[in-house]
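Sending over a structure as structure tokens; questions will come in a sec.
Naming follows writing order (A, B, C, D and E), and every chain is counted from residue 1.
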């Protein structure tokens, strides 16, 4: 497909979470396709970030919405085969617990995170370490987390939205930690847009179209949050077959904000945490971010 | 008077010996077989109208060509096969099912291969002798009786065929059965070992005076071992003759008397087969050393 | 594609050995395997003997056992999770289902192959009840049971690894899973080596030694 | 605990049959299995024959093959996913690794057991090259290869189910997984029944028939 | 002149026959063995100083006790075993490696068990005969020659031992080898079948006049089949005598002449063994019918 790059579809991945709202809406409403024009688009859904990164590294994906931790891990492990090209969302991660009222109540309890090495997993483990609390962290798929939480088999879970809101509304959980409170300015990257290094070399123009679409969606979200929430819920229903109830939707979006900013320092901080947890070897992260596309698209048209 | 002289000398003095039919003995028989008949499901008449008394301490040999029902009769005595007709009592009690007081021995020594010789005896003795030291002591005694001392710790597969047979004999004797039933036990041994086993059995029997019913189709073996030789014929299986062997022990298969007796028995067998014309299925029965036409009778102890 | 370098694999192995993850994982896996396998033996061997000896059980139980044997044991996992949740019990259940049936089937077969002469002899010697089971049937079938135990072990091992990869909760399977999640191909290969090492050790060293001893004692030729 | 009722299981089975999920899943699984298994045969049988015939390969390849055989094939999955992503190729890879080695090992063994007289005879008759491989070595080893194919099939089947449960992407494994996710114990058990049915059919019907024919033709006693 | 009279009659007229040593024939030998020696790795001197000429169309029998190197010599002729010393040529060319023009046949018919009789022949013929119909036709012809017509479709395991041997012979003949080497081919057959195979081989040989080297340790077999009987002795393996058998064919093993000849050969063998005292390892060699001490020589065709 190397020489037929004009007809080969561009492959874009995302997770069916509210934290990937731009992807949900863009996929549902054809925003990406519109910007790509004649270039066909293949949208691929993943259950968790690391899986998506595997696909990106294995060459079956060109770009992807993902959390910053998997992106960083993939960058290091693949020796630079992925690049972060834009930010997408900030916030939207909470620790929901059944009964604990303070961190020390979690001592010796079972807590869930979506997947080893994903953004919430790093955040949870780092937080536990910082609090000096020893607890068992189990990587459990979000859907399982809900049922295990309901049945009382886990004490709590550090999850992205809408799962945090669902744990609260549908399983009677309490938000013990809103991750925004842990970062200065309540800003930290939750979702970023990454592209494969090979894609950046061979399909730069199509990736620029994707970034354009991404920026358009981000703007919509910023400008008209309520309408965008509804659009996101429509897309969510189409993908998962289930519609989020209004309270859950509002709750989820209340902790989440759109941003195309790359927030490199915060990402480096997150990477340092991953190194600290033994998920990553210490490595040079100079090439992790490639702001050139964002700059090119945002540059005032001449 | 005859028994006062050594057999060999006697044989030379009286050149022509003849066997005499058994006389009925006083007292109640140990084993009483009354008009027993047996038909297998395939309609083969294995036994017809068999009546036989065996007295306590007698050594009776059942002799006959292949297929004359020797094994069938022995199985019936052991209680392993209920005859279709007739009655069998031992010590006045009807035989019902197998019982350790009537041990059956076959060509195959049937030792438990994972136990040493000693363990084979001790294991069998467990149901008879309660105390462990007494079991060990009994086992050692019988191992010695069959001249296997030094091989107590050997496994069956480390022994020769003759030694295995001796171990099996020791095990049977150690159970102190009131009747010992043996079905061609030495049939699979080579000529020399067979001779040794016959000597051993004679010696052991002289010491213990068990009631023994011993099946063979080796005429000399029957004459060396038996107090009585019951000659049977086939189709239907029946008793032809019941001879008494009055020779001193230990007997030697090459004694002049035994050679003469065996000639007499062979004639009896031949006369039983020759005139009767209904040997239609003779070819179905494997040729036996006892059949009339064989050039070299096999029944000469080797 | 991510390819491991031999040096990277060795480093990863040393790293995991140093920080104890390897031993914790190995210990956890072997403990689970040990428990499940022991349970399989304790249940499977008697089950096999009974099925071989009781005609009713043969008719009623054997077809079920043979049918379930055709079910990859990992397929029990979803059911086990529904029953026991994402717990140790689920993994144990799968391990037991993996090896129990193989052991029972091999035992049944082995008991049927016992020399009938020995059984008849046991009967005439008046060996009955527990003495018959423990003294004749079990040792008589032992060589065949051993073959079944070996097969059962390999099934248990496979079931355990699959279960540990799905229910990520300690053990070598988890190390493997984490290696994958963190895109650490060196760790993945290092753990695979460890798994091979365990497999080869148990199969070639442990079972070979036991089998050799039993075959020698039982006087069977060692041509296998 | 959630227990399935026989009626519930039957209903679930009928439901899945009606809406086509059962057939889609079954078709998908069997297609994967067919591809992977065919690949295993195509690679494994020649590999086994070569290893048996070329002393160098025996020294170089056989220990590797025997070692890898001790690795539960599902343990290849993390590596496969790192290499191929969560794709069909990963599942196929695991299925192939599951059965390839078993088939190769059995084939090698079977070729070694060919009556040396036949090989010498083939030599004196001037049978060489492809005719030797296709006309003598392959058919001569066929009964043993069949045993290997059967074993390989069972490994491939197990590997497939494990892989489908982990990489949830169509197939019976996915139906099982979804049953669990939806806490639908009836569906879980219904799918398990389907898996048993497939396993039993292939093993008892297909392989039994082929084996019987080959054993009869080859003039081997059918005591197995 | 002798050959004009029927053998039996002749034997009666001239009561004492003696075999004569072979005379060297004119022309170049088909098979020329020159001072061949062979030592196995274990230092056994299997052949010492063997020289032998076989002319085209001759039927030569190698006769000797077990272990005299008959098989070794035959393997050397077949090219399956390079002798440690000496030279073997066939048609002037040195023997190097096996070749379908020199077929070797053993006791075991070595038919491919998964092929029918016909397929066995056709498969072998593939390397010789290009056209398929001609292969089929040739196969059918040779199946007929060994009187196996009607069994073309039978599998080897459905045939008796003699029939299998005939099929194997047909296969060998169909390959039309210039030399046929046979190593005790009838050694495993029962007496009757063996006799039939000898008759068949004679008949086939008379028709085809192949050069045959036939190993046996059955004296009568050698005399019935061979133009020449080469008598060998063991330790070291060497040629003792080389007799010419001038008797008309077909020959009968019970001919007076053959009986007398065989006596003469047996004497030669005995005299070769008896005086030499170095039979130290005699016990290691299985007793043979040809050894001096045996009461009943086995070598009488039964």
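The rule is simple: a contact is a pair of C-beta atoms (placed from the backbone, for glycine too) under 8 Å apart; a residue touches a chain by one contact, two chains touch by 3 or more.
Only a predicted model underlies this, so the values are computations on that prediction, with no experimental measurement involved.
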Work out which chains are contact partners of both chain A and chain C.
D
Ignoring chain C and leaving every other chain in place, which groups of chains are still linked through touching?
A, D, E | B
Which chain is most remote from chain D in terms of Cα centres?
B
Chain-chain pair with the highest tally of contacting C-beta pairs
C-D
Which chain maximises the distance between its CA centroid and that of chain E?
A
Centroid distance [mean C-alpha coordinates] between chain E and chain A, Å:
87
Chain-centre distance (mean CA atoms) for chain C and chain D, in whole Å, is 20
Rounded to the nearest Å, the gap between Cα centres of chain B and chain D is 58
Report the inter-chain centroid distance for chain B and chain E in whole angstrom, where each centroid is the mean of the CA atoms.
51
Sites on chain D at which at least two other chains make contact
81-83, 183
Going by the touch rule set out above, which residues of chain A reach two or more other chains?
54, 57-59, 144
Which chain pairs touch, all of them
A-C, A-D, B-C, C-D, D-E
Mind listing the chain A positions that touch chain D in their complex?
46-47, 51, 54-55, 57-61, 143-144, 147
In the complex of these two chains, what residues of chain E are touching chain D?
78, 80, 98-100, 102-104, 106, 108, 110, 112-114, 123-124, 126-128, 155-158, 171, 175
Residue numbers on chain C that touch chain B, as the complex places them
115, 117-118, 120-121, 123-128, 131, 135-136, 139-140, 142, 217-219
Chain A touches which residues of chain C in the complex?
1-2, 19, 85-87, 168-169, 177-178, 180-185
How about chain C: which of its residues touch chain D in the complex?
1-2, 66-68, 70-79, 81-83, 157-158, 160-162, 165-166, 173, 176-177, 179-180, 183, 185, 188-189, 191-192, 195-196, 199-200, 203
